[in-house]
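Here come two complexes built around subunit A, the first alongside subunit B, the second alongside subunit C.
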Partner chain A sequence: MNIVVAMKQIPDLQQIRIRNREPVLDAVPLTLGNIDKNALEAAVAFKESHGGKVTVLSAGSEDLEDTIKEALAAGADEAFLVLDDELDGADSEAIAGILGAALNRIEDKDLIIFGEGSGDNYSGQVGPRVAEILGIPLVTYASSIEINDKTAKVVRSLEDCEEIIELTLPAAVSVLAGINEPRIPSVTQILKAGKKPKEILEMDDLGLALAEKQVITLSNLAPESERKQILLKSADELVKALSSQSLIGR
Partner chain B sequence: MDFTLSKEQLLLQKMARDYAEKFIEPIARQIDEENKIPQEIIEGLGELELFGIPFPEEYGGADAGYDGYTLVMEQISKVSGGVAMTIAAHTLGLGAIRSFGTEEQKKKYLPAGCKGKEIASFAFTEPGTGSDPKQLSSIAVKEGDYFILNGTKRFISNANYPGPMVIFAKEMESGEVTAFILEKWTEGYSISEPWEKVGHRGGILVDVYMKDIKIPAENLLGKVGQGFPILLLGIALGKIGTSTAALGATLAAYEEGVKYAREKTHRDKPIAKFQAIQLKIADLAIKYETSRWLCYRLGCLANNIKDPAQFAREAALTKAYAGDVVVEAAHIAMDVHGSYGLMKDYKVERILRDALIGPQIEGVSDMQRMIIAGAALR
Partner chain C sequence: MAGILIYSDKNDYALELLTAARIITASSGLDVRALSINNDSQAEALAGAGAEVCKINNTAIALADASALANAIKQAVEKLDINTILLSSNLRGRELAGRLAQIIGTACLTGVSAVKLNGDKLECQRNALGGATVATQYIATEKKVIAIVPRSFEKAPAGTGKISELEVDVQATPGLKLVETKAKSEDSVDIEAAEVLVAVGQGLNSKDDLPMVEALVKALGGELACSKPVATDKKWLSEERIIGLSGKKCKPELAVLLGISGQVQFNVGIRDAGTIVAVNSDENAYVNKMADYVLVDDLHKVVAELNKILA
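Entry: the complex of A and B
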């Protein structure tokens, strides 16, 4: 069983400061998407119990060579990277095209796991687009995955119901953050991450060029927050006030 | 000169921070109040290889160097001084075996220690001396293939856990200070109730009683009479642990000071807007950054010690500084909090108690200054 996990390089959200409602990205270290880490954990846990191999796939700027060590420390066996400094800001369509082309180069892939949305833009498009490009079945919002030889049974958690879906492999699944708790790697796993095999390609190698962006971000502002300065005298009053605004007890 | 951390070092730091925040922080107050670290934490630290950070892979270590060790210790100590001291005292004990042990001794004690299956100790202090080896009163008498040890050791960290203890005693035939590896809980070994200390609680500190303990001759560490150099280098390496334990508390003081200054309001303004508070925050930042870079530097120096005396001077300097500064920083953070800081509901109360340990252990600050002055005036 070979599992490919698609992970996106993003700025470490915990270290971003907001100044005049704009995120300050200078000198913010890069990391991998938070839900992508759940996707990786699902793959690694499966490998540990059933054997197989986990390949992490990512497209991004040159820094990715370093950033990807996080995934290799957390249990991926090898990395497949497409590097181009333009890629960090590319839109979902472009990235899906690149990942699709890269996946066509990876033989033996039974399952491709995505995070349900990236940590920064959260458009949730890349997984479905890649599945379409490869012509394989896709299940989104997975809260558990069970794999049996040639099929997978996936629980799909929707807002007010759960669907249980069986699909034939190879297939793609995008997972929810709640599917698991990513592990903390040990010292040796961290130190050996850089020594694991990496295949590095550039856009030319895939015969691709970055198309003109279809999506242009006009502005990216933090929501304005204002203290309401409401003074309440008891817990009861607080509960009433919060539920009257539908903030609790929905 | 390049003061940036590599991706691996950043990940090491993050790993320790993640573990500390997720597993230790929620019970840090409990550890402090009960003066006890739950076994799951010891096991968790062991799984992440935090008991073997600087030791070579061939002996089961994680091979991350003493620089890696400083990064991890800082993050653990930021959350719990007691847990940090447990790692520090253990690494001090194993470090002495690694530096001075025979191949057999290293093969026997390092692997289990590095995995955290055994927790090591380093026992020098006695009721009569904490800084002066000449006044040791524990004795070792050679009898056939054994040494028989008698005496009392005071304030020994981790002496409750099974594992190796590097112990110093006067070998009677030569009259010289000599080091041995004693397996804790062998016949004749007993300990006191844990000392109820002000800070670093959870890090267990007991007195050790040795009554006719038989130590096989092959457990001599180094040679008869070599105790003094073992002690000097062992303790110098140990000061990486005590310095970084202090550093972690300095970082905690800084973070708590900043957090409280932002949260607490006076006349509808956060107190961070007042210049008197801003000066304190600046002092916290200065104290943290200076301590941090001295500590990291000491970790780097320890990876490649050419002259033990020179390293001992660097260790004394770092420990004197980090140990003194942590108390100042904790005090400042306490001042930012005002009376609230005195309450157990605020972390700075524990930070200040942990900080007080810094200047007093592994040689009080004055003893560090004597080493520094000795090197300067030689």
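Entry: the complex of A and C
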């Protein structure tokens, strides 16, 4: 069983500061999407119990060669990377096209796992787009995956219901953040990660060129906060304040 | 002139999309069409709101098979001369948006909370950087797929519309079989509809402290909600109660936030509330900056006092 996990390099969201409503991204370290880490954990956990191989697939700037060590330390066996400095912030359509082309180069892939959305944009398009490109079945929003020989049984958890879906492999799944708790790699694993095999391609190698952006960003600002921020001293004061505005005791 | 097509699997969301479509077309005179797939009651609801509805009835299209759904919508787009497709950005709609945009060969925005036609550009607002910012973006391609966050628009009012039938040729996706659908009934609560929300975060000491918070919820006539870790890590409350980027976006009149630090991933789900109260022992907690009323104190003590006063 060979599992490919698609992961996205993003700025560490916890370290982004806002200055004059503008996000300050200088010197913010890069990491991998948080839900992508759940996708990786699902693949590594399966490999540990049933054998097989886990390949991590990603497309991004040159920094990715370093960022991807996080995934190799957390249990991926090898990395397949498409590097181009224009790729961070590229449209979902462009990224899906690159991942689709890269996946066509990876032989023996039984299952492709995505996170349900990237940590930064949370657009949720890439998994569904890649499934359409490859023409393989995909189940989104998985809260559990049970893999058998030639099939996978996936619980798809939606707002108001759960669907139990059987997939014939090869297939793809996107997972919810709640599906598992991603492991924290040990120091030894982190040291070994640098030695794991990486296949590095450029856009040319895939016969692709990055198209012009189709999603144009006009502005990207922190919302203005117009909250009163009135400091109160007691529960009593709070009740009085809320009552005076008819928010309680109606 | 090429028009707008709306589709959602949920009747209420479809009625909201109808409002969004009418706002966009108000100044442009574009046609609005509504699509219903294997859902006669929805076709009637939309026609009852004045929509021109195209109804597809085709047993090859299952709701669980988003690829087949996307294919059906693509054919409707071609037959009806559509440029802009509005979908709902609930979970099914978000998947559908990506698939549809891919097979049409166009760009797509999901999670859109506001739209505005500015000249020939349809400007969309959506959260970016994990909710830290709101981006204003537009799609430069002629055809556009836009998925709109539920409850961003009012439902369309009553009107007189009409229903026509549309034929599509769709195959079910091979290799995908729906075995069973189970309703989530263990704790069905709609925190998005609540006018008052009391949300607990990791400042709550233990699950045993929930009853006193529930008493406060009852006294305020609201619903109980939480930050993500309370549901997914601690599993004290069901995931339906999560406020935030990967949970619900709520706009209550009053939100009381107890023991919540105020990370952006949470804030994005509550920042549209009318009045926000933060109770937190940390005077530097980020949540205090996004609150109207701030009480720096132990939440357990404050909840007990509030319960006493409100009893």
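Throughout what follows, the second predicted complex is superposed on the first by the 225 of 250 C-alpha atoms of A that agree within 3 Å, B and C clash if a C-alpha of one lies under 4 Å from a C-alpha of the other, contacts with A are read in each partner's own complex, and residues count from 1 in each chain.
Criterion: a residue touches a chain if its C-beta (ideal position, glycine included) is under 8 Å from a C-beta of that chain, and two chains touch if they have at least 3 such contacts.
A quick note: this is a predicted structure, and the numbers were derived from the prediction, not measured.
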Per-residue touch tally on subunit A - higher for subunit B or for subunit C: C
What is the contact status of A:Gln214 with respect to subunit B (first) and subunit C (second): first, second, both, or neither? second
Subunit B versus subunit C as contact partner of A:Asp108, first or second or both or neither: neither
Touch check for A:Ile133: first (subunit B), second (subunit C), both, or neither? second
For a test of understanding, state which residues of subunit A touch subunit B in their complex under the given definition. 29, 66-67, 69-70, 73, 184-188, 190-191, 193-194
Subunit C-facing residues of subunit A, complex: 11, 13-14, 16, 18, 23, 35, 91-93, 96, 116-117, 119-129, 131-133, 136-141, 153, 156-168, 171, 177-178, 181, 212-223, 225, 227-236, 238-239, 241-242, 245, 247-250
Subunit B residues within the subunit A interface of the complex: 7-8, 10-12, 15, 18-19, 22, 47-50, 52-53, 57, 62-64, 68, 72
Contacts from subunit C onto subunit A in the complex sit at residues 64, 66-67, 70, 90-92, 94-99, 101-103, 106-111, 123, 127-130, 132-141, 173-184, 188, 196, 220-221, 228, 231-233, 239-240, 245-246, 253-254, 263-265, 271, 274-277, 288-296, 302, 305-306, 309-310
